[in-house]
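Next up: some structures, all given as structure tokens.
In the two complexes below, subunit A is the common chain; its partner is subunit B in one and subunit C in the other.
Take a look at the complex of A and B:
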């Protein structure tokens, strides 16, 4: 099969498994972490706060997708089901029970993980391109359910007037700027969880399955079970992001469960760099800003631009932004290491 | 009884669009290993091109059945030569992503040029009204679509089984590596096969033009149903694509008649059952579901 090509430039989804570990560059890593945190904290000063919040949500969503795509080699084209499913569940809990928003988001996240169990169980029976198609189809099923179940979801009108209840602290409940800081810890927690997942022994098994699943199976790992667990965890993080997105907008539309949303997050992950985890955040920042810019300049047909970006990235730029930078850095360090040796 | 027959023909007509397009999808997948996400967009383009040709140069429905697939063939060749070709050696997911990007691009280009409201397309006079067979009354157009599509499927089947070209394509579809080992130049057939698959989607679009609303989004839902069709039929299987196409059309029609709320969900339930029981699809071989 095509996986036999090993030329670095035609690199596919099989990426180096120990990225960021064992490179002995830990000062650099702390620096990156500090820089990342600084950007996250400073973002609403430079970007219109609701847009900053969008970037945060999409960043976590893209990172959640990369757990599957980059570390399991599974392209889920149906993650809108979990983002949007959680958005609806979060919105409904917030509307009907008026609980503080973190609790509502938690409920949404649990809902996303619950629907991910059967979908994941069925989907992991398919691999490669089949997996993408099956997840896409299941997500569309969720879309149809959301569309049909008008009494609950509001159908095409969407779910409106989702409150940002937060212990009666008015600044958070009314101003996007303060809401951002109330939501930030949850997003950071989600990102930390994603990092923990891929760098845990569990994550190493995922990489082993991705690289050689017959061997992993022969070593006694229950391949399907690992994939389902990864799928559910990824869905949970996508749900966390989607729930916060719903609260932030105060509104849930059918758009959130549509396949274009699944496609958008895949674009962000690929643009940032598959298998780089943090690349997804970079991709999300880029795409959200681009769409905001186009919307405010009155350009209709965002798909023309995002579609072109997709085609160009896939044709010429497969490492993505983060991947390219990491490659440049590591090839320089190996070169100097080679000179030393 | 009459009612059942009516839904049956309705389902078979709707299934014709799926069957023709899925056939194209299956052939492309077989020879190139590419799942063409843009197949729905090509179906849409087929209908849009037919409508535009009718509007600008007065090209009628009958010549459009030939001309539009030819145009789409050329379009497919162009896409394969300029874009798809460069990613064939890589993981097939890359071409899936590429054609997804292409879909976004094509849909929004059409939307910008022709707006979101549907383009008009008149049904030719001969195909209006109903056919009366004793007590039975069947809508002429639906009967025509089904018979015509079935004919095309049979023709493609004959092309595949009775000619040398077909044998080569079939061999490349089912055992690409083995065909290559036997000295068949599989690479030579890549471009025409891609064009042919796109032409089939375009043909389905022309047939749908007098029947469905012609909008930029008409392919968006279509492609996902089409994926369900090929998962049900088995991705590598040509026969599976056709049978599953008609089957899904029937499920859709009967679903809409007896349980309208669940009509579209039903297709995915069917898919889920197939994935559970036979992951390779009804007509697929286990090994093709890698």
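Take a look at the complex of A and C:
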């Protein structure tokens, strides 16, 4: 990516800044970062550990999607292909080679990035709804491969008994609570990578392309190439999340590559707030907890509730949960700064 | 799962300070023969989707009935008075089933999980049962994998499977004169298994399968597949569709007038709730394999009457099988005088039992397949129906020993 960075560095021009950059290096940002870390570390004490792990994985997945949706303006409706593709690859590596799980997850992530190259290359030519449809079509192809290649993937029955091999440390291999802390660094690394990507000069070019791609092209940026790279990076992070999800659950099912999974992560990102990055994590936490609660509540209409929440958020809080909060905080600090001035 | 809220809050507040402590280990050491002084039966199934009617909340009722009967039978001699049921919705998603199963075993202290329709979900739960060393009595899923390559010590398969369905219907219909078959099956694991098993059964009985047509799943329009199948002039069209797909196919079969051309329809998997939702006239004359029918004899009927009082509806075989599984589990605990999993497994293995659901029942020790008499049923014509839910006529009984896959073929290694 280094050549791209120089590329972007040489061209200085005003970019519409993304939200949240308003309170740039304020102490508030560090406070929020510390709070976020504290939540991530304390989560399995408050939430049932396997659910906490689900939240982490979905959070990274939603953040990965937000790189495309929020910073490139590309709505991918096929990210299940990378989450699920990596889940299968991770599962297969773990089952057949018995390597420690971080290695299996890395293999899954590489696999996701590999399949993302041709998919991204062919998809980024389209924009808007067409981009969404093309990515959906590719994801469905992955779904059917996973379904039909039964000898390898287990088809409808799923890939069962994926081990959590971790250097023979039994606590991590058997207890979800300890596994959480073994997996947490990988997730945090993924989130940090996402943050680096969108706040790098490369990320600023993405925003420029999102807001005015003819202008970016006129300035000499290879728009398609930037989009493909963003697509592959996003797929890699989605793959990291999906691989850990597979290890955490101990099996991989077709659900992972189903279009509903793509839909769910879009829902989380929109709920949390598009273009806010951390909003995805908030949305993921909210949806996973809600679904878990509903599943044991005896109430039947799970879809109705998540659907209603989605409608309400889209109609009333268009910035999403995190976006709305961030907006309130930043507008207040701007006001108080104005008074002081 | 509201029971543990207080505990959770306590753990949460203490947790931050006690991070160095031992974390959340497994359930505490058992104080007596019965862990936590209570037996917890967990029903994990589809409470909101396509399988809601055939298992769903009424399976929970059936398990409650089993507990009531157990208490009544043993009274003060019962191993414990404290028996409760918890339930959760797996939404037919294996991921959800997997997490819920862990949660039920860990947080709700469930000693056994019951029901779990949808094969992929059932296999995920079986894996959890193996890891957690807790019992899993599957009722709702059809896959033979549970007692085959993926069998384990703590998993039992109670009511039916694809082999039983295919073998029963395929053999009986072929011997009844339906020699030439066309099979229409949905192209996923269940359909593919059924197609293979049916072909084997039909050919074993001296018939022939002239063609098998794979259809997308799920699918609404079966007209082209039916036309293609009927073009070969078969005696029988066998459909392996289930649920909503089956209902669509049967409607289109009837509208196409294939029955008038002398083609009969055999159905791979059908629940009484399917007949109820589509109406008996649509299915009239269709033959299929039943694990149990509520009106098959006085004992079944008496139980179905109680069930009707409790729920306002007649039971499917899955409901009766959940009752049976819960009851036999409790009886096994009673005999073992503990709910410790290994002891209960030992009691269940090789058990020969009779109850409302199990006729000539036996829990095979080798693969944990529960075998029992199965039935070839025929859907009544509308003028034969005498009361609500009186839809089926039992044509033949398939003895337990013949109804299920022989142990030698299971491939199960525990």
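Quick note on the criterion: the second predicted complex is superposed on the first by the 310 of 341 C-alpha atoms of A that agree within 3 Å, B and C clash if a C-alpha of one lies under 4 Å from a C-alpha of the other, contacts with A are read in each partner's own complex, and residues count from 1 in each chain.
To be clear about the criterion, a contact is a pair of C-beta atoms (placed from the backbone, for glycine too) under 8 Å apart; a residue touches a chain by one contact, two chains touch by 3 or more.
No experiment lies behind these values; they were computed from the predicted model shown.
J.: Quick one: on subunit A, after the overlay, do subunit B and subunit C clash, or do they fit? Just give me the call.
T.: clash
J.: Go through the superposed model and pick first if A:188 touches only subunit B, second if only subunit C, both, or neither.
T.: Once the two structures are laid over each other on A, A:188 reaches no partner at all.
J.: In the overlay, answer first, second, both or neither for which of subunit B and subunit C A:302 touches.
T.: In the superposition, A:302 touches subunit B and subunit C alike.
J.: Figure out whether A:290 sits in contact with subunit B (first) or subunit C (second), or with both, or with neither.
T.: Touch status of A:290: no partner.
J.: In the overlay, answer first, second, both or neither for which of subunit B and subunit C A:169 touches.
T.: Neither partner.
J.: Answer with first, second, both or neither: which of subunit B and subunit C does A:51 touch in the superposed model?
T.: Second partner only.
J.: Quick one: classify A:99 as touching subunit B (first), subunit C (second), both or neither.
T.: It touches nothing on subunit B or subunit C.
J.: In the overlaid three-chain picture, which partner chain does A:178 touch, first (subunit B) or second (subunit C), both, or neither?
T.: second
J.: Check the residue A:161 against both partner chains and state whether it touches subunit B (first), subunit C (second), both, or neither.
T.: second
J.: With the two structures fitted on A, what stretch of subunit B runs into subunit C, 99-107, 207-215 or 225-233?
T.: In the superposed model, subunit B runs into subunit C at 207-215.
J.: On subunit A, what residues does subunit B touch that subunit C touches as well?
T.: On subunit A, the overlap between the subunit B and subunit C contacts is residues 300-302.
J.: Please name which positions on subunit C make contact with subunit A in the complex.
T.: 1, 8, 11-12, 15-16, 19, 23-25, 47-48, 52, 57, 87-91, 93-96, 98-100, 102-103, 106-107, 119-120, 123-124, 127-128, 131, 143, 145, 150, 188-190, 192
J.: Which residues, counting only subunit A, touch subunit C once they are in their complex?
T.: 42, 44-46, 48-51, 54, 147, 150, 155-158, 160-161, 174-178, 249-251, 253-256, 291-292, 294-296, 298, 300-302
J.: In the complex formed with subunit B, which residues of subunit A make contact?
T.: Residues of subunit A touching subunit B: 1-3, 5, 10, 12-13, 75, 122-123, 125-130, 132-134, 136-138, 140-141, 144-145, 148, 259-260, 263, 266-267, 270, 300-304, 306-311, 314-315, 318.
J.: Which part of subunit B faces subunit A closely enough to touch in the complex?
T.: Residues in contact with subunit A: 33, 35, 83, 86-87, 89-94, 96-98, 100-109, 111-112, 220-221, 224, 227-228, 230-231, 235, 261-262, 264-265, 268-269, 271-272, 275-276, 279, 289-290.
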